[in-house]
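Note that chain A is present in both complexes that follow, paired respectively with chain B and with chain C.
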Partner chain A sequence: MKGWRPPAPFLLLLPAVLVLAAVVIIPLILSLYSSFTPFRLTQPASLYTFVGFRNYARILTDLEFWTAFGRTVLLLTVALNVEMLLGLGLAMLVEKATRGQRLLRTIMMFPMMFSPILVGFQFKFMFNDNIGLVNNALQSLGLTNQAIPWLIDGSLAFFAILVAEVWSSTSVFAILILAGLLAMPKEPIEAARVDGCTPWQTFRYVTWPFIMPFAYIAMTIRSLDVARAYDIVKIMTDGGPAKRTELLWTLVSRTAYADARMGLANAMAYVAILLSIVFTVYFFRKLSAARTQIAAEW
Partner chain B sequence: MNDNAKARFNGFLLSAAHKIGLFLAMAVICLPGLWIVLASFRPTVEIMAKPPVWIPRDLSFDAYIAMFSGVGQGGIPVIEYFRNSVIISVTSTAIALALGMAGGYAFARFRFKAKSSIFLGLMLTRTVPGIALSLPLFFVYSKLGIIDTHFGLIVAYVALNVPFTIWLIDGFFRQVPKDLAEAAQIDGCTRWQAFWQVEFPLAGPGIASAGIFAFLTSWNEFALASQLTRSVNSKTLPVGLLDYTAEFTIDWRGMCALAVIMIIPALVLTFIVQKHLVSGLTSGAVKG
Partner chain C sequence: MATVSLEKLVKRYGSLEVVHGIDLEVADREFIALVGPSGCGKSTTLRMIAGLEPVSGGNLKIGGRVVNDLPPRARNLAMVFQSYALYPHMTVRENMGFSLKIAGQKPEEIAPQVEEAARTLDLTHLLDRRPSQLSGGQRQRVAMGRAIVRQPDVFLFDEPLSNLDAKLRTQMRVEIKKLHAKVQSTVIYVTHDQVEAMTLADRIVIMRDGYIEQVGTPEDVFQRPHSKFVAGFIGSPPMNLKDAEIADGQVVFANGDRLPLPARFKDRVTAGQKVTFGLRPDDLYPTGHGIHSGEDADVHRQDLRVILTEPLGNETLVFSDFAGAEWVGRMLNPRRLSPGEALPFCFDLSQAHLFDRESGRTLRG
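And then the complex of A and B:
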């Protein structure tokens, strides 16, 4: 039974597409154009000078930009992998719990309701070299005497940011993987045990393929929103000290709003957008591949 | 006998390790939040104390009283921020839900050309980092004169939320068997009636949780809000947090208090939503 209007899905999708076009697509086209100009907010006329690929050429040779780019990719790769592993571990711990599972699941979701900017402040507070919880605890336990400059030393700051990022996003993985574990039929596991599989083999060849799509859903959700790390970094270090924790996004915002070089910033932003798209498309394809595998096996 | 005892001992060790691991994990998850709540009730002297004061000696509501006592007396316009946050989040959520329901229904119930690429295309608009989007939006908004208005942020947040609500609601509609709506239509309902009387109530809890998720996204958003707002006219709570920072110092106690105010609504809503959220995200995964 089809509706009396032939293009019903078209009509249903139209409003969503219109809003997205107005707020995302058209501004993006505008910013694509302005990335070919030396546009500065202070000189509106510069929007009409066309310089071709000069901004992009400048980016290509800009060491600062590529350092930030590399650091962003490094942060995302490490963070996503750690989140995945910790999420898996957490999900399995909770799944094994015999009592109070509802309460545990609720606690597990706790970090999800924290705004990224709040996570940033929270960890800035905790990693504060003078009054932070981390240093206080280390000193009280007698592990160290001096105040460790968590947010002042470059690589320590990177570590602190990583901790904040992992804390705030592990629960996404844990919850979805837990959903997978709970939805999993028990017969294959029992069959594997009867056939003499070790616990590791059971996990590797039975459990893991089943929960993989769930892990990829989590990955996809995360990659839709990778740039939330901007909020955390912006608050914790703002790219400092001396640009040693500068990520793509903080660099873009500094170039745009502090230096007012919109054209250059837009060119950088396009590289950041491409990076996000690559991450998302990659996980979407993994997701559909994992789905077909499941459909074939079960 | 000996083997038996050994196995029992191993089992005991395993379950003890499990309990300890679980406890540690939960502690790591909860501690940062609890520390914030605790800090908001402590006097600044105690927060700054060296050596640290672990067990709070006097708790008070001073930070909250100061916050509400208005600008100039150590307060910030928190009521205005709260109001802006509520207006912007609620309105944008309602609109995003309406659009998401239309879109999700289209994806769940109709076959059409290039369906999966359209779906992926919608999702990709969500990947644009807020800060990258804020540059052209800032420019467009200032030309249109809607910087620092509720309207500007609402429109931006609707666009931010629509892809994800479509994804979630698509999943919830797919869980409702097609036969039910068809049966209703055979019994004389129009498609419109069948939707509102059969499919909508069944997918209702899921749609509500998609709404809560959208609400939380808008409630917590910072990258766009920090560039598109200027004053108490439209500043939201996340941007308001920055009021407690000065060039080199941060009023930790005040900030923690504001953080608590920000979290409470989010906390309540997340607890309501938790069950349905997961089922919506995963429903498509196993069934394909």
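And then the complex of A and C:
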């Protein structure tokens, strides 16, 4: 065959480009496009009606959306802080262990091995107002004689979800911070002790700056995780009662599949992704600043 | 400024005892070097003094006060680590001022002290750099600066020059000596390098397997080693140490070769006694090429065959064959020698040592 032959690099990259296009680029463009249409799953033809920014304008004024948005940010903030503190504590305890540290490390990772769906079911049972472990324990200890409606009251349900979330993911922080502690050279800590530091000052001025990058890596991972929180909530409360635990993605999925309003749901999803991007950028900035500070070589 | 006393100091890890009740008195403003091979307990001892390792038994006193159970911060000492142990996230200035900041001093009080120390150590132009931007020698100086700024009672050095190259090490050794002359405080210096110990210390403590073998001035440990171990450890190249037996008033080596019994050991050995004979390379030299003229009474002359030479410029180390073994001699004003050449040698027996072969202790009174 004569004439033009595509250059070799182009040919070699073509399969990868095709696969990427099929599984990422086209769905992305399609979903972005559909967020500018009143697309309903039940009326396929609606995909061809272009309505511009009408979906987005609607979201901007939608109280339900912003409540879910705010609740997601709140969950993210509280969960990350609690997990950070608990993870730090756990990591420091495990680091102190002179025997069985490997075993402890493995045990520490157990919660990560369970599917979030199962974690959801487990905590749904534990927080059940009639047969749940939590109420049972509280009543046996004589702390209350009422059946506390954990999953029915809005803020209690939020708390219950938070507990499940923290339980399942504290180990992300613990593992990463432990890695930081183990990688840390011991001499600066000894130097600090000789220099007159109390244990707290040693932690504050020497240990903490060193493990900060590791904490930020955990924060980045977990902020993406919590920002797309869906499974645990879906199982435990399904956004209820009366949407009082609705998070961004439970709302998006309800809009998309229960209400079949795919166009609107896609618009919501794009706004939700913005949230994730903002958090990621924020934590990466922090991470790179912390890395420069300890002059890390990675 | 303070004295440091170790009284029957013991360190145990579980059932394993690594320091076996050692006694040591360090005078105020004294420069003491702890030397010994790896695993002899010198670093552990230093870390006990620093408070980084708990004391398992005995007493540790600094300035007359028992400090066994005091945390490092209550002991007012400064330590320079082998790996420098600088705080990577702080600038040189912050590193050096850190202990003062922790002690609650105000920034305006800290600044002049840090700058003073930086001037002493020639670090002024590096004050705003991070440790990662410094060379090994510069980091070492920062670590020393951090120690000086504290104005501690006692300076502890844990093999501070081991990570430097040979040239820099010599240079820093001089710096440390000058520094001690200037700040005039008690120094305890751990090293495995006997040259560092000899050149720096007022007194040297030689440790082995958790015991102190000998404490003495550099001249003491060099000229009057208490044991075979000290004799072999101090001095470079090491002392020639060969097993022998006493017979007919002579030192008889395994292959039958003999040396006259050194005069000063005449009354201290008995026939048939198993000994180790020791002679420093300085005291074994080709005739006319020694530190001494070789005209003294107690010199034994013998022709030896040269195996190998190591020319060092101003002198040559001569490895020669005697008593079925290799002996190192030192040739001053060297001339070229070729292997296999036979040469008249002087054994300066007035400087020779005899050790009991079993116990390794010196047989000298």
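Structure notes:
Basically, the second predicted complex is superposed on the first by the 271 of 298 C-alpha atoms of A that agree within 3 Å, B and C clash if a C-alpha of one lies under 4 Å from a C-alpha of the other, contacts with A are read in each partner's own complex, and residues count from 1 in each chain.
Methods note: a contact is a pair of C-beta atoms (placed from the backbone, for glycine too) under 8 Å apart; a residue touches a chain by one contact, two chains touch by 3 or more.
Predicted model only: the values in this text are computed from it and were never measured.
Touch criterion met: A:Arg193 reaches chain C, while chain B stays clear of it.
Residue contacts after overlaying the shared chain place A:Ala16 against chain B, while chain C stays out of touching range. Annotation for chain A, partner touching more residues between chain B and chain C: B. Once the two complexes are laid over each other on the shared chain, residue contacts for A:Ile107 go to chain B alone; chain C is not touched. In the overlay built on the shared chain, the residue A:Pro209 is in contact with chain C alone; chain B does not reach it. Look at A:Pro185: by the touch rule set out above, it reaches chain C but stays clear of chain B. In the superposition on chain A, contact of A:Leu60 is made with neither chain B nor chain C.
Chain A residues 294-295 lie at the interface with chain B in one structure and with chain C in the other.
On the chain A side of its complex with chain C, the touching residues are 185, 187-188, 190-198, 201, 205-206, 209-210, 293-295. Interface residues of chain C, counted against chain A in their complex, comprise 50-52, 71-73, 77-79, 81, 83-89, 98-99, 102-103, 130-132, 146, 150, 156. Considering their complex, residues 1, 3, 8-10, 12-13, 15-17, 19-20, 22-28, 30-31, 34, 89-90, 93-94, 96-97, 104-118, 121-126, 130-131, 133, 136, 139-140, 167, 171, 175-176, 178-180, 183, 213-214, 217, 220-221, 223-227, 230-231, 234, 249, 252-253, 256-257, 262, 265-266, 269-270, 272-273, 276-277, 279-281, 284, 287, 291-292, 294-295 of chain A touch chain B. Interface residues of chain B, counted against chain A in their complex, comprise 18, 21-22, 25-26, 28-33, 35-36, 39, 47-52, 54, 98-100, 102-103, 105-107, 110, 112, 118, 120, 122-137, 139-140, 155-156, 158-159, 162-164, 166, 182, 185, 191, 216, 219-223, 227, 238, 241, 250, 252, 255-256, 259, 262-263, 266-267, 269-271, 274, 278-279, 281-282, 285-286, 288.
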